[in-house]
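Same chain, two partners: subunit A is paired with subunit B first, then with subunit C.
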Partner chain A sequence: MKKMFNQVGESMKSARRWHGAAKAAIAVSALSFLASCAKDAPQDTWQPAGPNAEKIDNLQRPVFYVAGIVGVIVFAAVAWTMYRYRDRGQAIPEQTHGKPALEIVLTVIPVLILLGVAVPTAGTIFELAKTSDTEMTINVTGQQWWWEYDYPASGSNIEEFGITAPIVTSGQLVIPENTKVLLRVTSRDVIHSYWIPKLNGKKDSVPGRVHLLRMEGSQPGIYAGQCTEFCGLSHSYMRMEAVVLSRADYDKWVANELEEYTAPAAGTEAAVGESLFIQQCSRCHQVNGLANSDGSLIISAPDQYLVSGAAPNLTNLMTRNTFAGASWDLLTPECRNNVWNADSADFGERYLAGVSSDCLNQKDLREWLRNSPAKKPMYADPTKLEASDGKYRGMPALGLTEDQINSIIAYLLERK
Partner chain B sequence: MITTSSKLFYGIGGVAFAAAIVWMIANNGGSGAVALVFVATASIFLGAIASYVRDGHVLSTDTEQHDSAPAAQRGSGRSWFPLGTALSLGTVIVGLVTSPGIFKVGVALLLAMLGEWLIQNWSDRASSDPSYNERVRGRVVHPLEIPIAGALLLAIIVLSSSRIFLALSKNAGAIVFSIIGILVLFFGSVLSIRRGTSVRFVGAVCGVVLLSLSVVGVVLALDGEREQLTEAAEEDHFAHRACGVEAEYSDKHAVRAVSAKSSVAATVTLKDGALYAEMDGYSGPLTSITLQRSLNSSIIFQNEDEGEHRMVVTYGKVVESLGGGVERETLLQACTSLVTKGGQQGVVVNIPKPSFSSTEGFSITVPGLEGASVEVLVP
Partner chain C sequence: MTIIDRPSTDVAVVGGAPTGVKPSEALGVFKRPTASTSWRDWVVTVDHKKLGIMYGVTAFFFFIVGGVEALLIRLQLIAPDGTVLNADQYNQMFTMHATTMVFLFVMPMAAAFANYFVPLQIGARDVAFPRLNAFGFWCFLFGGLFLNSSWFLGGGADGGWFMYAPNSSTLFSPSHGIDFWTLGLQITGIASLTGAINLIVTILNMRAPGMKMMRMPIFTWMILVTQFLLLFAIPVITVALFLLSFQRSFDATFFDVASGADPLLWQHLFWIFGHPEVYIMILPSFGIISEVLPVFSKKPLFGYPIVAMSGAAIGFVGWGVWAHHMFASGLGPVSVTVFSMATMAIAVPTGVKIVNWVMTMWGGKLTFTVPMLFAIALVVQFTIGGLSGVTHAVAPSDTQQTDTYYIVAHFHYVLFGGAVFGLFSGFYYWWPKMFRRQLSEGLGKWNFWLMVIGMNLTFGPMHILGLQGQPRRMGVWTEARAGEGFFNLGFWNQVASIGSFVLGIGVLMFLVNIVYTHKSKKIAIAPLDPWDGRTLEWMTHNPPQEHNFDTIPTVSHLDEFFHRKYETDATTHAVTQVHSAEEVMAELNAHPDEHIHMPSRSYWPILLALSLPVITYGLIYNRMLMAVGAAMTMLTMFGWSMEPSTSPDEDFDPPAPGEGGGHTKELSPLG
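This part shows the complex of A and B:
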């Protein structure tokens, strides 16, 4: 009797364990499913916003469905087999070996499925590698931990888009809608990877190599991305955004970028900020047209202070919506939503308005200027630079006072 | 009577005592000398005990046997370590006169020979069984001998091969070592297929090959490097590269094909006296290219014109103050070797300043050809 009770007790314990595992599995599945319903998912690969991403989408959807169906069939078969032939103390059935007909069928079916996947995959790869239809070329250079974009003044960039002098910016890639843009992706330090999921697949940026990536947006808007190759301490903060503008708005953007430098009015806080910028920031950050009191141009020398040899050009900082490698918004949440959620017709106007003093995200920018390594992990401790020959990776803490920060922000607000 | 093992203790004692004297003279006494005197005393004491007990062959209480008992083990066999030690000492002396490198090699050899000699002598007297003695010796020295011998063997192969490579022409070198590779593969394949090949046979073949390689390497090293390398070294080609129109011997042998062409920033071509650039992403020839700032950019120069030409990238200048109001301007340039018609040469430039920092701008030119120029923009 006692033995029987023990057996019943063990069975109940086993059943409880199975029930617990089943509940956990259901909960995980439900959470995974619900995650796919997220509204704010700017890096969703299932929402293509350009022809290149659509090509990938057209490939991945049928593959996903086929793989899903095959997966369900396999899992169901395994589960049914496990249940149907579970150990109930029965005798082991007669063991056989080999069934050529079945083996051939089970080999041919996967081959056919893989062929069905391989043919369109190869076609898509070749389509995405095409460069002969390029209408605009942009250099994209990765470094720890931000992306630089420069628009060469060559070929069709001049003839079609009026880029008569090189434009350099960072954080946000700005491109005209329905234009076949070719990115020449490379790196100044370690391997990074460039990915705007809604516009195309990813491409590694490798020092010493130039990799080509097509980019095209079908409608105005901002499309988020993320470096997808682990590249050091602040890899997770190495973000990027692609801004697609209508052609008319893009022309305005180019014209603004090519405008001459305008110095702040004398006696203003921005003028104080300009002199502070020259003292504290211009060693690494270039502002095109910024000059000394004797009229000589100030040329930054980031190659002397930074491992990558480059720092973001801040000539038109407030025309973009982000800073510090697109890690933080320059706009307050309300103003950001106003731009990000604008419909196509209004987007360009709102984006081109840039960052005003009312919309400036003072909190994050001030924290950054107070102590940037505390906000974004970087190898910027001046006492620990032996390994990098005295050079920084990222921006060091400058020890600015609050008054100095006020002045520099006043100066930066005019950089648009 | 001084027995075998007591020699070691007496030797250690003597050396320690001498070292103590040297220490005292050099350091005006000190604890080091005291320690060395203690070592000497202890060693001499142990040596005396070893002599007294005939290396442990007789009991200390059996006083009658002390004078008549034979030595502990048989005498040592022949050894080539005294010869090696003498040669090493000679190397040290030669090194003292000629160069520090030879001196260091001599000291290393001398220490190795003395160590081997010491261990050989010790192992020869470990027992009366020579095979056991050899095993004992092997257990001590093989962990050192085998890796060092392997490294030396590898060094001989590498050095000999490199001398052969440097002496032969580039094409002949490739052919010769391809044949050697095929022979090694063939020999290895035969060995793996044929079971039971004697180790002696394999060892003999390897020995002959190694010897041949060494002899050929030494002969060709004495004969000197191939003509181009000799002349390039005489012209100091490896130290600097002139960017003017002057011809240097080694310039005339620019490569016909540059590897890694798929990843260059630009290909610059000289054709019909004009210069133009091609870049991935641009459909036609360009007379103006944009390079990223502070980025290593590879540029390939392709000469399609008659004659020899070089490409020069000029990206600003450095002004140095020499004092007294005198300044010296040095152009920042990078250039290829002279390239004959149909040839290519690559150059890597890293431009740290924007092009607007220079009043003259940045450019790619071909010295001696007016108007052959491509503008370089750096944002």
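This part shows the complex of A and C:
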């Protein structure tokens, strides 16, 4: 055993002279390492798709290059020193304690490099904090474990974009292309963080505070994001997307959102689903225009049942293509590809088509309706709510039968 | 004749017959403990070297605990939608992994080295307050055990080691995990704070004659800076932890938004502690390799005053950068700019250190022993971590990177590639000093290379994972966000997970090496001065006697020991060895100090420390138990205060002024 270790030691000694070459090889492999990144990762921070993210990209690329060069110089110096000054029986070196001139030079160089980085950094910080050029405002509220979007009917939202009544959605943020959108980000429970990497850096959503985040997309398309502040049990299942539409498509989206509620035709499965929805779901989930049999409008009251006091508005669920904190697709994989990978000219039409019965991802939606806490970790066990005065965090299992699930899905498929 | 005046049954005596000092009794209920051989001695000891070893063994135990937690995390993340842990277990695992590694491994392991080697390096016989030192160790041990007992009592803390409010309140984390976390850290905080005071007083007051501040070994310098950081940082986290405890246990509303609180208060408190904490973890390792590189380069540390002062500069500027952990938390652009610039500024003294280490090796006579390899690896890996640190000092860039795996990569390069590699360099370098045997170099190289390969395989890919959008603290990742191609995020997650097991095996090799070194008959006792050391700790026996030095040396140089062994020709600057280590020792000990006063063992430190978990268990489970614990605390404090630091019948005679002979170094009688 010992002999083996000695041999390893010996071979290491002979390998030492190859240290320089080895380090060069490491540098080359480091470059190929960088080239071996994932293609088209949806949350890649190096593929900006809007001016805010581009500003960050323009700033960070040179910083990474300079850092890389400094790194290579240090590694080369270490490798050279290890090779050149290894013990070859030379005399004990002079006991020098330093060379002040050299040390000053080697201190001033990093100072200059950092000054070169600092100036554009400060400029970009202020550019990204600018809010005076806002063309559209959207309120974004985080709660365990999904995002709500509220498009207020005020100011330029009405005048420019025809949002004459508030639009409340969840999961997917829909914005017009080349429009300077300002998100007003807050939270109803713990701290979350809103992040669509291809459009901008992240901003925490903090309860009791409103933080502003610029958002702008240059190309129609769908951009993935993820909550990036640890927010408890289902932090991994708190995702979101930003959907950028051409102006013409955006107008269609707004018009559809503002349409009156159409009840399912009498006698259809969807009509059965509507009454089930009223019994089982509408206490928490708002569907605008949904009415009781006596004609009175149903206003959901999630604040009575949930810690955060909010549940996703399902008025137009099937215009979005993900659900449950954007954790699962409403589209089958094939239909999903068709939308997500569409080129920017076709994207709007395909997105606005929403979810048809052929394209519906039955599997995940059914599992969710059958037993949602089994699918996504939540505090939804009625027997364990002592700490929260009986209020849930997340959706409890409703104990629906398969027939009831069929009816509710039929009803939901018409929500678009 | 030198007399070691200690109340012990086996009085150690140098150069003479035992004089039979009687075991003495303390005031109070306990007889003064006198055992010096059995396990009982370890319980009542106040010897800084024994306490250093106890710190080290305990910290290494927690290193393994934290390592197993890390391996479970990587096992969970090796494939999409992992099922090894559920969401709750995962959250506990990453919270406790970070907490264990920071508070129960890196900090106390640095304390282990500081305890053992600072008194030796400055030519002292113990620390200034030996009983306080013992108390600190027991607080660390009991605090760590208390914290980890939560695993068996309903689960560990689940709020992340940063424990952001309001997610840490009972509404969002109803289990007792966070209570254990808060109170456990409160207890270990006592260890850090008492240790800091003790070491500062020791370093400032108990240096050997002639050892000016600028002749102090650089490790001692870095420990001094670290202890000042602790002295000011620990009170901040103590306050924050109290606020959180009051919120959870007594319905206070410090972080309750509905009552008008701002949750960012916690973040500021946490990071005002948390950022200096980063330097608390790294500076001791900087100190270790600043000892190791000169020894194995046969050159003094290049730019010693600059390295010392840049350490102090990091210690100061380190207080002005905390909000770079909060660039996405909604600070205004002015604050963000200020903290961004300050963070870049701190890169300068850090870069200076790297330059000085390389320049130390430049022109040297390098031997690549295992401690040297670990030290060089620190220089390289810390450089990577430092450069990625500069990229997130650029605040806009950081809003893309923060809370992604890029940050995980960054701080593991700094803390594992930096701090932990420095500690391993220290293990190999000082092992013969502590345990008489030199760890096997062959096995050590396996240990080293497996750790280097494992560490880079684990944390290298995390740069890619983070920059391509994988957030941290997620118990599952999904293929839908992993991208296309062979090198997608799934591939790099697999590489990282496999790397973590290579790293685990690497660490295991260290334990194998210890067993092999001490069991194998082939490994001989190490020579007195195995590495051709430069500093005072090598002018003692292996391991040092309980009183460290028979004669306290008078210091006239930086690298005193080296200067006693070697002479430099004034004209040619050629360096020649004129004395062996044995000759230097013999010369030093030719005139041993006449009276050596050593502190006496005591039961009180462990008893006082033991009363603290009683209070904290009481706070969680039963308020009556809390009262019992508080009574124990009061009684033990009373007992301690009534016990003299040295036994009453001890012959204590201060050196008469002008008296000739050896230098007599008195220990502070404050104890």
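By our rule, the second predicted complex is superposed on the first by the 368 of 416 C-alpha atoms of A that agree within 3 Å, B and C clash if a C-alpha of one lies under 4 Å from a C-alpha of the other, contacts with A are read in each partner's own complex, and residues count from 1 in each chain.
To be clear about the criterion, a contact is a pair of C-beta atoms (placed from the backbone, for glycine too) under 8 Å apart; a residue touches a chain by one contact, two chains touch by 3 or more.
No experiment lies behind these values; they were computed from the predicted model shown.
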| item | value |
| --- | --- |
| Which of subunit B and subunit C A:Pro110 touches, first, second, both or neither | second |
| Partner chain(s) touched by A:Arg209 [first = subunit B, second = subunit C, both, neither] | both |
| Touched partner set for A:Val307, first subunit B, second subunit C, both or neither | second |
| Touched partner set for A:Ala153, first subunit B, second subunit C, both or neither | first |
| First (subunit B), second (subunit C), both or neither touched by A:Ser132 | first |
| Subunit B versus subunit C as contact partner of A:Thr141, first or second or both or neither | first |
| Most subunit A residues touched (candidates subunit B, subunit C) | C |
| Partner chain(s) touched by A:Ala255 [first = subunit B, second = subunit C, both, neither] | neither |
| Those residues of subunit A which subunit B touches in one complex and subunit C touches in the other | 207-209 |
| Subunit B-facing residues of subunit A, complex | 131-132, 134, 137, 139, 141, 148, 150-156, 165-168, 182, 184, 186, 188, 207-210, 212, 286, 288, 297, 299, 301-303, 308-310, 313 |
| Subunit B - residues contacting subunit A, complex | 263-265, 279-284, 286, 288-290, 292-296, 298, 350, 352-357, 377-379 |
| Residues on subunit A engaged by subunit C in the complex (per definition of touch) | 2, 4-6, 8-9, 12, 16, 33, 36-46, 53, 55-56, 59-60, 63-64, 67-68, 70-71, 74-75, 77-78, 81-82, 85-87, 90-98, 102-103, 106-107, 110-111, 114, 117-118, 121-122, 124-126, 128-129, 189-191, 193, 195, 197, 200-204, 206-209, 211, 224, 226-237, 239, 307, 329, 377, 386-388, 393 |
| Subunit C to subunit A touching residues, read off their complex | 86-88, 91, 158-160, 164, 166-167, 170-174, 257, 260-264, 297-306, 328-330, 332-333, 336-337, 340-341, 344-345, 347-348, 351-352, 354-356, 358-359, 361-368, 376, 379-380, 383-384, 387-388, 390-391, 393-404, 440-443, 445-446, 460, 464, 467-477, 480-485, 487-489, 491-492, 520, 522, 558, 562, 566, 568, 573-577 |
